[in-house]
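Below: a set of structures, written as structure tokens.
Heads up, the next two complexes both have chain A, just with different partners, chain B and then chain C.
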Partner chain A sequence: MQSAPRTGLLRRIRHHGAELLITAPSMAWMTVFFVVPTVLVLLLAFRPTALDGGVGRGWTLQTWRTISNPNYPSIVWRTIWLSFAATALSIGIGLPCAFAMARIKAQWRSTLVGLVILPFWTSFLIRVFAWRLLLHPEGTISVFLHRTWSVFGWQFRFLAPETTLLYNSFAVLLVMVYTYLPFAILPLYAAAEKFDFSLLEAAFDLGARPWRVFWRIFVPGVRAGVVSAVMMVLIPALGSYVVPDLVGGPNSEMVGNKIYQRALPDRNLPHASALSALLMLGVLLPPGLAWLATRKRHLGATDTDVVAAMNSPSALGNSGGRRRNGVRA
Partner chain B sequence: MTKRFGPLTAVNSVTFGVQRGEFFSLLGPSGCGKTTLLRMLAGFEQPDEGRILLDGRDITRLPPDKRQVNTVFQNYALFPHLSIRDNIAFGLRLRRLPRAEIEERVDEMLGLVQLRDHASKKPTQLSGGQKQRVAIARALVLKPQVLLLDEPLAALDLKLRQHMQIELDEIHDRVGITFLYVTHDQGEAMGLADRIAVMRNGVVEQIDPPARIYESPRTSFVAAFIGDTNFFEGVVTRIVDHDYCDVEVEDLGTVRCWNDKHIRAGAKVYLSVRPEKLHLTHERPADLHDGKVNVFPVTVYQKVYQGAWTRFWVRHGENVDDCWELSVLQVHSRYLLDTTPISWDDRVWLSWHADDGYMLENYDERDETLLNHPTEPVVPAPDAPYPADAAAEPAAAAPQEPSADAERS
Partner chain C sequence: MKRLQRRSLATFWSVLFFFYVPILVLVVNSFNASKFGGAWKGFTFKWYEKLFQDRAIWQAMENTFAVAVGATLASVVLGTLAALAISRWKGRLQSAHYGLLYTHLVLPDILMGISLLLFFISVGMELSLFTVFLAHTTFCVSYVAMAVLGRLENFDGSLLEAASDLGATPWQTFWKVQFPLLLPGIVAGGLLAFTLSIDDFVITFFVNGAGSETLPVKIYGMIKRSRDLPKINALSTLMMCVTVLAVVASRMMQGRGMRPQKDASAARRPSSPAERREGQGGRVRGAAHHA
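Then we have the complex of A and B:
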């Protein structure tokens, strides 16, 4: 105990042997199927392109130079704003949902959770195709919004005839929010369920109006859920590829689509790898920031300290010289 | 006021008034409706019938944020994401007061509850007692007309509870705000309150100052819930004079009783005598009070020595299955070792003065289950001094917690 642990690592292995043993399979799995491929992808980005579509020999920075293609900034920008907008909307819708689910009678809760995860019973691709049908110029929603309605002689329609719902950024955003909403609701609900709702009463009691109570007490109270909801939505959103591919047009491409194009039709693996590396950097940023934000130190006080402090003669301040039981000055 | 939850009537036609600056306590077992009552006063529940008047103004339908009433919650309900200072300032900031005034009032409160050094900490970094004081400061800083306290000390350990009681009392003295204190702990209510309302099953059984609640309970529930007592069922056989009557108690005999309620002869009555008002002596006490002292022979069947006092359980009657079992508390105000101790199976004399018992207007047999009378012999707790050994030691050697001394020095 006294000497510095010179054999620190050995001792740690001995002390945590069982833990290492238990985690070994998953560590091995992650190493083989995640760490190694990731490193390979990163390495590929520094390889030259072969003329036949493969990967050439030697090392080069050529790929990184071509990546500053004038097309990319707008695609990266679109990827970022679509992902953040989808995240914000998902959480904005998810927070009231989580609040209501946590407040509703316990017997209804499991039903509601079931409804939230119900969409997962259908294939993701089929659901996105379903949106294509809905948003199609001859689809239900489109027809409904484009039709000229006549109410008491007043004629109006929701959308101008030339607007299309499909193949634009709006459609991508809509379907992304639809896709990721359950991933926002579930962590928010998990946090809301643990939230102490008597805090809301305390805030009402201190004079807060409902809206303020929701934002100032409930939302900070489910902060952990918000953080994980952001990660659950933002990270897959940044890497979206299917949604912009199916419901987006040429003006709503995201980085994911570009990676696909470079990797398969263009057979330019180094270029695709470089884009992947950039995307991964972008994906790692939010959790990194979240980790920094939630990192905290805790200092604790105990009740014995309080008793000791209160036992000291001056503890109760100017109490008028009343003699306290057992205290000798 | 009346409040119903489905078929359950949580608060049933309760009416009472609290004076400005009073320390008023609602006391009752869990589920008696006291918390529901408090929540109606705070505005979290709406009464089904009745009104709440504050300073002559009807506040029954006002939402919580419009009432000059603030609450200290049982679980503190401090906002975990805000510092102590921000917790206390929360209500003031909502009122959009000037920054300087908020700072000043928060500082004043931090001083009042001795938490100046902890102002920038988060609630999770505080101990239970400190959190409780933050909760009090957070409510008091708004200068409410009434402060509602919902079992504020229930989550604290015994020692801290005693300290907080003194502190609460001092805070009340200093701020002069009306305190309405809900508790199931009779000790807290008795020690703190100016007046106590004892509740059961949504009904207020008695509202009186603590001493009157204890010495002259109106119902058997109040008598049994607060402190301990002995009940006798009997019939008034004779009115002795303006103040006294004789009650015939089956298997015990004639008991002289103080007849403050002027009950007439022939009435069935219930008599209650507190354990500490009963006396046990080896010799039959001489009747120096012309017949006002009741004397009966009893046998000690259980005793627990506690240093300052001894608790005895005695029987009157030969048949163990059908006899009067009484609880007696003998307070040792004199040096005990110079006397012949009363021990198990001793046949001794039980006596009490007629003035020390009281008759009950309202009796419910179920209240007898609240009494501290063992049907099985009580086995002393392992850490308590074994009665026979302890009796042989000076009373001054009563167990004192060493930690208490250490902290005081």
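Then we have the complex of A and C:
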């Protein structure tokens, strides 16, 4: 009775032996250091907090009840609006950039891509720090804006002396756009490079205005690039920690900052877990929706799509590969 | 059309201005005698001198390199194996395998940091340079796997068939045919892993323990204390010089390494502009990872 399944299993192991052997190392590593910790986060969110800074016994919904108190929803709301505003601004600025890059002579294009990427080869922390220097009350921009200028005897200044540029949501948004804009420009440019610009000529010949041509012909034409640009900006933006921490103040905290505070200085691990679970949900929602959207598009797949689907490593690899290519190109 | 082009070009140049000004101001201020850099108070090297006297920074640099070398080696092995498995076999196991690596790439750093911290606490592991190494290897595996997979997608399978038809064992086929052709992808993945490890702040911040500060964690501490600001300018300027040099060097190396691969796959698919820029794009996604 027992030998039948066992030989079946043995045969399967022998049959899949090479596959299992080559898959095991990375699969095991990712399971231990990615799947298990993620499940742990989800579980800890339902554990009570122990007074000594550890995790108590039993299961509770207490943490979730605390999270719905008036303090947290405002942070969640701020995280959402700042992330969406940064995404919208990045794409709004990125679209004309992609347009310009795709219209320039072919031999200059890789130079332009290089110019966009070059500043981002410096450390992320240092780029944020550079803005802190600029916006600091004694920094270059502040000094410029706060100084009293006199033109023909008429005195004025750009900002009242008491306004500070640093430690507010405006600074967070500005620096977020600064750090995430290249991730919007590159996929948009990849899509714009494949765009058929003769369509625009046709629209102009038919009498359309420039603004209308841009928004009604160009933007829909690069929508695959727009989708990957949204992902590239929105997901890291939702999980921001460094930017609000270094250029934001107490009134511009985001979920990432709360996770850190709860986990390290406060040692309230269930709280940190619950917030992380919330963030995970928010982060996995947009790619899930995008995945559904690309899957729907496959109903009208062209020949090249089918070929790409056949060559891709797996069914899931298809949508992933598409995104990766979009980003890389 | 002209007008649209002119306007978009103007936007593009202003964006470049926006990108470069903060960095230029930082570099200029590293030579500025004024502490806050609002105004120019004369040229000086004193911040560089102070920087070189700081022992803690050198220690942090040593830690950073130790972790980066270890994580790169480990993730190159794991990531290459993962890519080979994913490209060779289909089915649910490999779908899950790819899904794991890919999801990990998408999740924000802070989630990886917090989940690994909770994991290390739960299994009773002391936070040290070793936990930093484990965390870095975990996020580097995904990048190496994707870089090698990119190579494998254009790989001509008939070369392997030819090798085995000519009597090569699977082991010989791998080391004599497949591995040399994959090497540029593996090197690119390794370089990516190395730079990501050196640059990572958020994950390291969560899982580092006493005495295992890496350079980014150290810089963060200096920014927070607000005392050593000009020293950070000097350090940043030096780091920028190093990264720009490293990037130029790796691009030149990659350019050389690409050629045999191109020849091999030329018959099947002419190399597209997208393919040629692969290295850059990957690096950028890498930077995204840091946000």
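Here is the rule we go by: the second predicted complex is superposed on the first by the 258 of 329 C-alpha atoms of A that agree within 3 Å, B and C clash if a C-alpha of one lies under 4 Å from a C-alpha of the other, contacts with A are read in each partner's own complex, and residues count from 1 in each chain.
Here, a residue touches a chain if its C-beta (ideal position, glycine included) is under 8 Å from a C-beta of that chain, and two chains touch if they have at least 3 such contacts.
Since the model is a prediction, treat every value here as computed from it, not as a measurement.
Counted by residues of chain A touched, the larger count belongs to C, out of chain B and chain C. Once chain A of one complex is fitted onto chain A of the other, the partner contacts of A:Ala202 are limited to chain B, with no touch recorded for chain C. Applying the stated contact rule after C-alpha superposition, one finds that A:Val283 touches chain C and leaves chain B untouched. Legend: residue contacts after superposition of the two complexes on their common chain; A:Gly221 is shown touching chain B, with no touch to chain C. By the touch criterion stated above, A:Arg212 is placed in contact with chain B alone, chain C being left untouched. In the superposition on chain A, chain A positions 201, 204, 311, 315-317, 327-328 are in contact with chain B in one complex as well as with chain C in the other.
Residues of chain A touching chain C in their complex: 19, 22-23, 25-27, 29-31, 33-38, 40-41, 44, 93, 96-97, 99-101, 103-104, 109-110, 112-127, 129-134, 136, 138-140, 142-143, 178-183, 185-186, 190, 193, 200-201, 204, 210, 213-214, 231-232, 235-242, 246, 256, 259-260, 263-264, 269, 272-273, 276, 279-280, 283-284, 287, 311-317, 320-321, 324-325, 327-329. Interface residues of chain A, counted against chain B in their complex, comprise 196, 198-199, 201-209, 212, 217, 220-221, 223, 298-311, 315-317, 319, 326-328.
Note for the complex: chain B touches chain A at residues 42-44, 63-65, 69-71, 73, 75, 77-81, 90-91, 94-95, 111, 114, 118, 121, 124-130, 138-139, 142, 156-157, 159-160, 163, 166-167, 170, 404, 407-408. Put simply, chain C touches chain A in their complex at residues 1, 3-5, 7-9, 11-12, 15-16, 18-23, 25-26, 29, 36-39, 77-79, 81-82, 84-91, 93-95, 97-104, 106-112, 114-119, 121-122, 134-135, 137-138, 141, 145-146, 149-150, 153, 199, 201-202, 206, 216, 219-220, 223, 229, 232-233, 236, 239-240, 243-244, 247, 272-274, 277-278, 280-285, 287-291.
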